[in-house]
Structures are given as C-alpha cells and as structure tokens.
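There are two complexes below, and they share chain A, which is joined by chain B in the first and by chain C in the second.
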Partner chain A sequence: MMNTEGPAGGAQRGNPVLEVSGVDKRFGGVHALNSVALSLAKGEVLGVVGENGAGKSTLMNVLSGVVLPDTGEMHLLGEKYSPRNPKDAERRGIALIHQELSLFLNLTVEENICIDDFPKRGIFRAIDRKRVREIAIEALEELDRELNPRAQVETLRMGHRQVVEIAKAIQKNAGVLIFDEPTTSLSSREKQNLFRLISDLRSRGKSIIYISHILEDVFSLCDRVVVMRDGEVVGDIDRESVTPESVIRLMVGKEFSGKFPDYPTDKEIGEPVLAVNGLCVPEAKIENLQLTLRRKEVVGVFGMVGAGRSEFARAIFGVDDIASGEVLCNGEPVTPLRPDIAINHGIAFLTENRRNEGLFMPLTLQYNLTSVCLERLGEGPLSVINESNSRGWATRMVEQISIKTPGLGKNVALLSGGNQQKAVLGKWLMQNPAVLILDEPTKGVDVGAKLEIYSLIHRIAQEGTAVLMISSEYEELLGVCDRIIVMHYGRVVIDLNREDFDEEAIMMAAVEGKAAK
Partner chain B sequence: MIRRAKSEAWRAREQALYQVGIFVILALLIVFFGIMNPRFLTLRNLVNVLQQSAPLGIAVIGITFVMLTAGIDISVGSVMFLSGTAAAYMFDRLGVTLPVGFIVAVSVSVLIGVSNGILIARFKLVPFITTIAMLSVARGLALFISRSRGLYFGEASAIIARFRFLGLPFSVWMFLVFAVIGQYVLKRTQYGRHLYALGNDYHGAETTGIRVRSIVFSVYVISSVAAGIAGFLSAAQVSAVSSNFAFGNEFVIIPAAVIGGTSLFGGKGQVLPNAAIGIGIIVIIFNGLTFMDASPFVYTIVRGAVIFLAVMVDSLRNTAIAR
Partner chain C sequence: MAMLDTTLSFIKDRILIAFLLLMIVIGAFAAPNFLSVVNVRNMLLQSAVLGIVAAGVTFVVINGGIDFSVTSQMSLVTVVGASIITLEGGLIANPVYSIPVAIVVMLSIGLGFGAVNGIAVTRLNMPSFITTLATMMLGQGIATLYTRASTISNLPEQFIAISRTRIFDIIPIPFLLLVAVIVVTQFVLRKTVFGRRMYYIGTNPEVARISGMPVKRNVFRLFLISGICAGLAGAILLSRLASGAPAHGEQFFLDIIVAITIGGGSVLGGKGDTFGTTLGVFFIVIMNTILGLFGVSWFVINIIKGALILLSAGLDSVKRMATEGQGT
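After this line comes the complex of A and B, so read on.
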C-alpha cells in the first residue's frame, strides 16, 4: 500500500462523539471494510471521499444499523454502540439522510416528521394535530421557515424534501447526521441552501458525516476529510492541509498485477464500425456527444455516479429516448433508434441490471442463450424452432465461454453471479455482434470470474467486435481497454489511448470534470 | 433522479383539480339525465338513488382501506351474497330476530375477511388471486346454504323499511355513520396515517417500524365486514336473496372507489366525499339508463366502459406523479 497520512494530523479535539475501530465487513469474497477506524468530534463536519466501491456506503450502512459488521467496536458518547437495525441507530441519535430520501410522498410534511410516533390525545387515541403542527414547526424553525408543514411531500421540490428529512432527524434529537451524496438531485441554489443548513447544524453542536464524490463541495464544507480505498481508510487530512491532488493520489493506486489477463500483443485495430454523432439526452445532461468505435477496439467509459455513463449506453441502444443525434453502424443510420432495430444492425447490449433486464431468471440456460437468435433457429413458414439445433448452439456456446452448469436445462437463477454474467455475454455472442456494449460487466462477480470475463472480452474483440465497456472501476478499464473516455455530467472530459493511460489524470477528470495539465 | 419542472404550487393545484373534477362530472350526469327524462329529477327517484347507493357505498368504504395499501379485494360481491344468504337463512328457516340475523351476517364476513387477511399478510399470497379464489369459495358456501333457492327476510326487512329519519332510509344513515367513522380512522388516527404510509412505500414503512403485517391483515377484515353489512342491508331492501344476488358487484364497488379517486397503486384516496361520489356516479348512470329505456344488455357494456375510464384516469394520474 502507498502513503497513508496518519490519523488526524491536526489539533486535538475534545472527546469524540463517535468512535469506530477495527470494523471489518466481508460480502462473500469481497472485503468491503478492512479494519476501519474513524472518530467524529462534537460540532465537526467530516467528509468521506473515495472512488465508487471504496466502502463509503458500507461504512455508513454499518453506522446507521443497516448492515451489521463482522468484527469491530463502536462507541457513541463513550458508550458501546452496536445498532442491530436503523431503528436502533435512530434511538441512539444517528440519522442517515439517504441519497434516495425515505419520505412518504403521499403524506404531509408534518406527518412525515412525526410518522414514528404521533402524539395522541383523548379516549379514541386520535392524533393530536395541534401538537403535530407544533413539533413540525419547531423542527423546521431553524431550517426553513417558508416550508408549509401541511404541504404534501410529493408536491415539494427535491431540496425541500431533503429539508423535511433533516427536520425528521432533528425532531428525534439526532446528534450525528450522515449525508450520503446529498446533492445529486439538487439544483445549485438548493445546494447552497443545504450547505448553509449544514453549517447551522454544526454551530448547534451536531456532528456531521458528509459523503460525496464532489471534492470541491467536501473541501468547502468539511473540517476534516477521510479518504477511503478498497475498504480501508487511507488518509485522514485536516482542512488546512488538504488539496485535490493529495486526495486524488490517495483515492487511486490499487494493486494491479495478476488481476488482468495479458493484453494481446498482436492487436490491430480495424476500421470504424459505430459512430455516434451529436447525441443529446437532456434527462442525463448529455449534450452533443461524439464517439467512434473501431473493429477489435475495446473502449472504456469511466465516470462518477451521475456522470451519465449508463444513460449514454442506453441511448445508443435505443432503450431511452434521445432528444437529438444519430447512431451509425457500419455507415448505416440506426433508425428508428429502438432496441430491436439496434439488434438488427448488429449492436448488442449487456445491461448493468442483469437480474431484471439481461436474463429471464426462471427459465433455462438454453432458453436464455438462444433467446436473441430465435429467428435464425426457426424453420418453415411458421418459424418453428428446431430443438436439436437450439440445443447444439447452446452446447457450443457453453463450451466456448466455459459456463459452469450441470446442464442446459438448469434455471439461470440457480447459477452463480459469474456464470450468469457469462450467460448474458453468451446470449449476445450468438449474434456475432458488430458492436457489444457492456454496462458494468463485472458487477457483483467474484475475482476469479472477473478474470474470465476479461479474457472473454479480449477474445470477442479479437474476433472483430467493437466493445464499449462501461465501468465504475477505473482499474479494470486500465487493465482491459485500448482507449478510455471519462465522462463528467454528460460530457466527455478526456479520451486517452492505452499508451497515455494515467490513473491520476483519469480520476481528476472524473472527479473534477477537467483534464489535468 | 429526474426533476420535475412544474412548480410546487402547480402540483398542489393539480391534485385539487381532480377533487373538483369528480363533483363536476356528478353534476353533469344529473343534469344530463334530468334533461333526458324529467322524472329522473323527482325527489322520489333521488331518494331511490341514495337508497341503492348506500349499501354499496359501505362496501366502497371498506375496499378503500384495502386499496390504500395497494391491495385489492375481489371477493366483496360474494361476501355480500354470503352474508345476505346467511341472514336470510336465519330469518326464513329459523325465525330469529333482526339483531341475531345481523350478527350472523357480520360473523360470516369476519370469517372470510380473516381468511383473506391471514393468506395475504401472513403467507404473502397475491391479493388479487387470493381474493378471486375467495370470491368462488364464498359464493359456493352461500349456494350451499341456500341450495340455490330464494330465501326471505320477512319481518326483519319490514322493520328496516319502516325506518325513516329526516325522510332518509336506514341504509343511508348507516352509510353516513360508516363514512364518518372511516374518514376519522384514516385521517385522525395513527393507524390511518400508517396505512397511507405503507401504501406509498411498503419497505420504507417496514424500516420505519410500522407494523405493516397487522395493518395489511386488518384491512381485509374491514373490507369483508363492510361488504357483509352492505349485503345485509341490500338484501333487506329487496327483502329476499335469490341465487344471483350481488352477482358481479365487485365490478361496481372497485370502480366506484377508483372513480372516487382511490388509486389502484395504493397510498391515495379517502372516504369522504370520494367513496360517496364514486358510488353515486355509477348508480346514477344505471338509474339514468333505466329512465332512458336503455336495453338491459347495455348495462354490462356501460359498466365495462366505466371501469376502463376509471382505471385509465388512475393510471394517467400515477404516471404524472412518477414523472
């Protein structure tokens, strides 16, 4: 491991409100948290940064009782703290303000604030509405006086909904508030308002953990920044000494060797196959995006959450509507831009969400493998499917990409994650696609299976397919791709060839949205 | 993720608009049928409309509870039949008094409701299929009791028919009492607010610590009991239960709730005035059709059309919210 800037090299603060030590958590083969230690002082805003999958969310889930740690100790105000569920955490005064807010949209602001335990009165135990109003007004008092406690939450803007969520936490006397990527769906004015609120909360003695991938925000808001990588805390830096460069240097730098198959030496990239011109998707802030893919080329797309990577891929394949732009495959425009037309042009798309979109879970492996090439299996005027052909094709594919299965009749739901992923790949390979788009092809797959998938990607490319690979793990893109483009809020920041690959430049582009000099 | 461009004020107004909208439709229908046939507007007929609507309205109140949890209860028509039959059997064959017959009617409905509730809340069966199965079971039980012969309410029916207060019949007062209680429970008690919360987000409600299972269980009991009382009152009005009594009523009760603004997707709707308006609109359409001498076969078609419309409006409102 590389340079670790020791725990809080700054001024000694008073007794910590929250202290975490040696917290470990494994999910299957993934070491999500590796003996994490953390401390939080009263009235402190602590920023937590790290690339996707560094363990930030898992750590927050542990703190708020969503996930139970395997080992480790936590102390809250000097007392042992081991929440078994979110309710426990709340009772002890730790509230998590989710990225996706957890409000009931059909209820009013005041009802949401009191939902856990309404004040009641009278023999019928009716809700004491006057008291509910008072509680809500009191909680909102210092947050946003304009907000009408009787408004229905679903009529509110995102920024206001967040205020309600904060009010709910305050009403329960939370001493520690955890914000998980709170600005993703806020407008910039709402964002300023949120930052003002957080500063107010700090001056009222609340402790705050602020998770975000927008470094700029973290630096302007936080007293201290903790950097995570691979489930470990690799840096703990005071506000005064923090710089974007130092943080990014800590965020990158993973172990590399042995995790990737050798890069093919005899690779000759061919002529252009896919051209995307002037693509605009307003919902994903994608504007005038250009891209060319060549035969045998593997192009990686990297970016932080909300950069528009998946939306970009979905737009090319015609899943989501686009505002304008065109997609050309082998020089022919794909129109109308719809999945079935895209498939006819030889474009294949492996979605991020293989459980829901990539496989028919309750059906057999054979059915799934042959599901996109049924037309070619059909015989006679009614296109009756020839069972023995279908079986033969599926058998060859299973061997070719070595899916481990007891038989073709096995339900794909019963296969392991890695084999499921290979089955999705196999399904598209049946088509010999000209272009293969992979969205997070190794998500939820263990290390061994990852290696096999990377080899498979190389082989597919060698056979002449152009591959577009979207990933939130930049290191796998570094290991596999010929070219990497980095997106930031719907725009391509840099486009690097393999010989120019540079971890820090990539991370800088993804985080800051600008190319390093 | 995707932000809505509409302002907060506009969104609030949109909701208010729908509330006003159904009143306008009700008024338009009354005017329309009144013009087509002035006899429609006589006091006598309007009381008649109220009398027909009231028992069904009680069932609508009950099913509103179920639908708020994003569930559905298809068995309500059969429960009306079973409860009416059970009561009629007691009156006709055993000569019991009015209260005893009523208690029997309510008891069998509780039984059906508890079964639905256990299957859905405890064993997680899909409400739609569970209650379709129960529709068949309840109707079968009722036919088993009556041997598919007509049964008569006799004196019990006469007692209820004689009741008038401020010119309004018994069932209308019952409806009002249930509507007020229903509204109060939904709006003013923690149980009611939790019911809405769970209809909006089941898992969210569960993690908040709301006792989701007991609530889901309870709504099926409420729905069944309401349908049972509806069956009793409506049988008392015609003073007999024949083998096709309340047949297909689920297709009046559910659409009435939807027209009244209760969403099939859960979390939205209320008892007053929506349930009343919803059932009122449907009964007025049927009543008006008789004044227009419409062919009896038209009714089923109109009923289908009303269901389509109601579901479409509900679906549109929901996609509008998701946007």
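After this line comes the complex of A and C, so read on.
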C-alpha cells in the first residue's frame, strides 16, 4: 500500500488522493477543458462552482471515465489513473453520484445496491439473495439504518433514493465520491440529512467533490472551493477566506469568443403584445409569474440549471401543462393553452431541442419550412396544397434568412447545426409571429452562425415582433437584449433594462436568488 | 414535389414495376396458363380485395402505427353481411332491400372497429400494435360466435354478380373499385393538407404537435379510414367467395404487411403511399399465383414472405440510420 502519511507533499492537507494536471478536452470547436489542474486530499470536501457551461460537468465526466481527455495526466493514490469507462473508474474507487439518479425504480434497495456485481452461488450461478441482503445492510449501516433494504425504490422519497445511490458507491469501496448538483430535487430536511452524511463520509476518510451552484451550501459544506470559468480553473480558495462576492467576481468576466452585431440605435419599443399573468407550474416551482412583452422588444431570460427558464417558455406556448395562470396575446386570452391555439394567436416557439422538437429530421428543407404554415397552403374545399406557393414561400425564406443549402430538397439532417437552427427559425417566421420565444437559439451552432442569428433577432424585433430569448450564456443576452430578467427556482429575481445591465448583479441574482444590495 | 423522399420512392416504384414485369414474363414462360383470361381475371380480383384493405392500413402505417384488426374485421363483415342477405333464412328476405342494407352494415362494422381502435390509441394512449391485436382477437371471436363456427352461403345472385361482372370479359368490377380507391387515397395523401400532415405526424408526432398540428384528431381519422377500407374489402370478399365464414379474412394477414413494406411503407412511420402499396399487392398476388402454379407448398411460401418482410424492413432501417443516425 501507499504511504499516505509520508513527509513529502502538501503539508497542511496531507498527500493528495487524486491529482489532476494539464487536462484538456475539446468538443469540436469548443474548448471545454483548458489545461485543468486539481488536487484532492484524503478526507477533504472540495466544492466546484462555475456558471453553466464552465466545464464542471465535463471535468467530472473525465474523472469518472465517461469522457476521455485529449491530453493531461491524472494520478490516484500516487499511481497513474486513466479510466477508459465508468466501470474502470469505479474499480479504482471513484464514483459519480448522478444528478439524475441512475437507479432502477422497479427494483428493491438491496438489488440496486448490488446491481453492478451480484454475488452468485451454486453451479447455476444464481443470485445469492442472502449475500445481497448482507451487503446492502452493511452498506446502509453507516448511512441510514431506517432504510428497509427490501423496499422498492419507486416508493422512496428523493432523499432516500440518494442514500441508496451513495450506498451503492460505498459498497464498491469508492474512496472518492463526486456529487453533481445533488440537492436539486431534495426538500430542505433531506438536504440537511445529506450534508450530515457527507460530513460523516469525510470523517471516515472519504474524499468528496461537491458540485453545486448554490454557493451557500458550498460554503457551509466544503473545505475548499474551486471556481471554473470557460473550461479553466480560475480560483482555488480556502474555506476561511471565501466570500460570495469573491466567487461571483471570478465566475463572471468570461471572454466571449464572438462579437455582437451593433445594437440598433433608432429603436423604439412599442405597445405591450404578450402578457403572462399568475402563471403556476408546480413541477418547475414556478409560482405566480408575471411578464409583459412589448413590440420590438428583445427580453432575455437568464438563470442557472433548474431555475425554470425552459419550463416557463414551454408553459407560455402550451407545450407542457400548467396549474393555473393566463397568457394574453394582443389582449386576447390564449385558451385553451395549446401549441395550435398559441400559433393562431401569433406566438412562435423555437425549442431548446432542435433534434426532437424542432425539425422533422428525415424530411426535406421545404417540408420543414412549410410545416407550420401548412394549413395556409391548402386551397379549395378539399384543402389541396398549392405546390408553387409552397416552393415559393420556402425559397423566399431561404433567401431572407440566408440558409446555406444546395436546394430545398435537401434533407435537413444533412445541414449544419447553424443552418438547421435557421430552418427552425424559418418555419416560425413563415407565420410572421407577433411574439417569438427562443429557447437557447444559439445552442450547438458555430461562432459565425451565432452572429448571424443575433442579427436576425435584431431584424425580427425591428419589424415589430416581441422576442423572448432564453439563454444560459448571459454574455449573449447582454449583447442582444433590451431587457434581462433573471430567474431563480421559478421566481423572477431581477428585471433590468439595458442601461442597468451589470454582469455581477445578474450572476448574483442567478446564483444567490437575490438582488445585489 | 421535387423532394428527395418522393424521388426515392419514385425510383423504388420503378424498380418494383420492372420487377413485376419480369415476374410476369417468368410466369408466362414457366406456366402456360399464367396469362390465360381466367387466371388474369382471378389475379385482378384477388388484387382488388387485398389492395383495398392494404390501402387503408397504409394510412395507419404512414402515421407510425399498425392495424392488425383488419383481417378479423373482414371475417366479421363476411359473416354479418351473409347473414343479412342469405336466401336461407336471412334477416331480410328481399335482395332489393337486403343488399343495400348489408353493404351499409358491412361498412359500418369497419367504421365501428376503426372508432374503437382510434379511441384506444388517441384517448388512452395505447400503442396501436397492442390495441389492434386485441380488437383482432375480439373480431375473430365475435365472428365465430355469431356463426357458431359455420359457413353461411346461398347468397342471392345479384350480390355474387358484383364480383362476377367484368368489363371486356377480363376486368372485374371490384378491380375498378380498387382503382378508384387508389386514385382517391393517393390524391389525398400526396396533394391535400390532411395527407401531407400524416407524413409530418408519422415522422415525429412531438414536432408535429409543437408545430400546431392536430395530432390526435388525425390519428383517429386514420383508423376510420382503415376500418372502412376493411369493410369494403370484406364486402367484395363475400361476393367473390359467395359465402361468409369466420376464417375468411385470416389469409390476408401476412400479405397486407408484405405488400406495404415492399411498397415503400415503413413501420417506423412517415413513409409510403397507397400507390406503392398497390404495386406491392400486385407483387404478392403474382408471386402467390406463380408459386401456386408450380405447386410450391404454403409453408415454403411463408418462408419467402417472411424473408421479404425482413429484407424490405431491414433496408428501410439501414437507410434511416444512414440519414439520421448521427448522435443517437
């Protein structure tokens, strides 16, 4: 065994259990991790914070063998560590407790704990039920004695499910446990329980990496906080010297790789078009939400993961059900709140998920562009499609928003990400919408296409459409919007006009859920 | 429509047509009576029944579903129709009244089944696969119970005449009905908003819903179309066989699936049309006839048909992976 109490190395924290240096990872043109270095001591709880897309999840995926780094070195207990897959990582003692728990709901607690490697017996290699029970009881012993190993996971509350997930990791002798946003779906009591458990694990010598955007939790739980931004580690602060302000200052100030089109100077925002009153969506914790959009106005919505941004947009368009509330377009109530009714009122919605909700992938560009306006292509009592209109309209749209394609007959699956996004935008613009809702309009498109999309948004707004733009990149909202609202757990925290835009205030509102000062 | 999709299916249709001609030539050389008037007339009559029922199912398949219940709908249609018009104690004695009434009832049976299937699929969110499998067994059971497993024959001449009357002594009336059904359905599918919408919904119902299309209403109507086609096919079958029996529809089960898959339909949805399906129907009927003339046994024929389904569905799947496979 290694001598972990050796005299050399980190004096105050003991020898590192895990050491990472120079880890680099690119996904296409995105530099997700840029020469990241990190160390973790025995019995230490390390917090990792950063805004959406800062590289936290990628780093954890590298540590747990889900993603292979391009370059870089990792050492675990002094030995070289290069996991090829999650199984590999587990064998070496690193376990990732997933954000979305990865349990089999239809199985029992004990079965889930042993699922990756059931003990077997006899010549038929049947599952050794007795041994399964023993392993489960032993693992649960130190975590939660109340939990019945024979209970079906489906019947458990979220907090208990998480305990099962942790037991699963402990049973496999994990020395390093990585928690990725573990409190998103926990009640406050369950959260306290989890924190007590994490402290217990620490005192038993386990090392823990804790990722969260709830700074308060990170500060109270962690011995050390690492701040990430743009795939780099930009700060490594001890518990004693950490403050919310210092961390937020490190989180913002990201260098934006693209430029923005000039903000229109002659802009005159018009009368209100869309009004959302008292919207409640319990699943997303959205309660009594209000919003007004005006003609020519571009309103940005920012918030961390789980803030309820997408759910808000989906509710307005009637994609998902709401508990109560109303949406008025040009003063008329949109009822019932359903996509087809919303469309009839002049609302359009580009969803975050282009592949499964935006485009008919195996169909052609022309079919996709004319999908929303299909009804209007029909003529006569039999609603016969006017093919020359269909072609004409589609051709005009391709020119208007300059979709690069060899022809209208091109299968949209074969277009680039940016052109696919324009195709989704195009199918909605065919309707000349009064309100355009964009959920992550620049997701998965390259820098050049992003710039084109920003210009397009300005143009659409200038022609009189009210635009609601959701993004997890606050820089692009700062660059494009007239107004930004920040959401935190289903609530609007602040609502800033362009002249009051302030990066730190926006980040503070998104992370802490309160307006600065 | 200068669309990639249609172009592809056009090429596929042409290959299928070339193949059909080839089979006819083979048949003509191999079996001397293959091109005889009687045989051709018979093949056209068989195509009419299979073609009409398969056209209805094609609608459901384009939409990404399946309707297995059509075969037992046909069986039930033949026994109920026969029980109304039979001269041996039929429900209505005078053929002048009994035949129109029977035709209305037979079509209504199809519509009724379609409505039940449609409600189960759209309101209860049941998969069409399991829904129609269940209604298939239901229909089969009711038909058997209704006749106490016997055959009802002795039908009035006027009704049998529907399938015996032919133009130029070779084209039976039912075949003209098939042509009418294909012309209408092909027009609806390829030229109208209703038809075009089906391809969108079949390709991706969620995108269709967010694009404002009435997904459920559309799906419901498809089962009605499938049902009414099965009703019509059952009525023709009754006329052709001059009897109603609870097992009359069963033989078509495999042939419907083979015809649709060969004709360019995909069980994954979003593809195919009734013209293609009809080519598939001709293919099946010619193949059945040639193999029958050669005296090939039914189980060998089944092996061939099974292989054909695997082959055409497999090709479709491979093609789909090639165009949209990345990232999944």
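A few notes on this one:
Keep this in mind: the second predicted complex is superposed on the first by the 502 of 517 C-alpha atoms of A that agree within 3 Å, B and C clash if a C-alpha of one lies under 4 Å from a C-alpha of the other, contacts with A are read in each partner's own complex, and residues count from 1 in each chain.
Basically, contacts are C-beta pairs under 8 Å (C-beta built on N, C-alpha and C of every residue); 3 or more make two chains touch, one makes a residue touch a chain.
The structure presented is a predicted model; accordingly, all values stated were derived computationally and were not measured.
With the C-alpha superposition on chain A as described, chain C and chain B clash in the combined arrangement. Contacts of A:349 after superposition: chain C is touched, whereas chain B is not reached.
In the superposition on chain A, contact of A:359 is made with chain C only, not with chain B. When the two complexes are overlaid on their common chain A, residue A:372 makes contact with chain C while staying clear of chain B.
In the superposition on chain A, A:319 contacts chain C only, with no contact to chain B.
Counting residues of chain A touched by each partner, chain B versus chain C, the larger count belongs to C. In the superposition on chain A, contact of A:413 is made with chain C only, not with chain B. When the shared chain is aligned, no partner comes close enough to touch A:216: not chain B, not chain C. Of the two partner chains placed by the overlay, neither chain B nor chain C lies in contact with A:200.
Within the superposed three-chain model, A:126 lies in touch with chain B and out of touch with chain C [touch as defined at top]. Shared contact residues of chain A with chain B and chain C: none. Remark: chain B residues 1-3, 8, 11-12, 15, 184, 188-190, 193-194, 196-197, 199-201, 204-205, 207-210, 267-268, 321 touch chain A in the complex.
Residue ranges on chain A touching chain C, taken from their complex, read 317, 319, 339-340, 342-344, 349, 351, 355-364, 366-367, 371-372, 374-375, 377-378, 382-385, 387, 391, 408-411, 413-414, 427. The residues of chain C lying in touch with chain A in their complex are 1-5, 7, 191-194, 196-197, 199-200, 203-204, 206-214, 270, 320, 323-324, 326-327.
Those residues of chain A that touch chain B in the complex are listed here as 85-87, 102, 104-107, 111, 115-118, 120, 124-127, 129, 151-152, 154-158, 160, 184-185, 187, 283.
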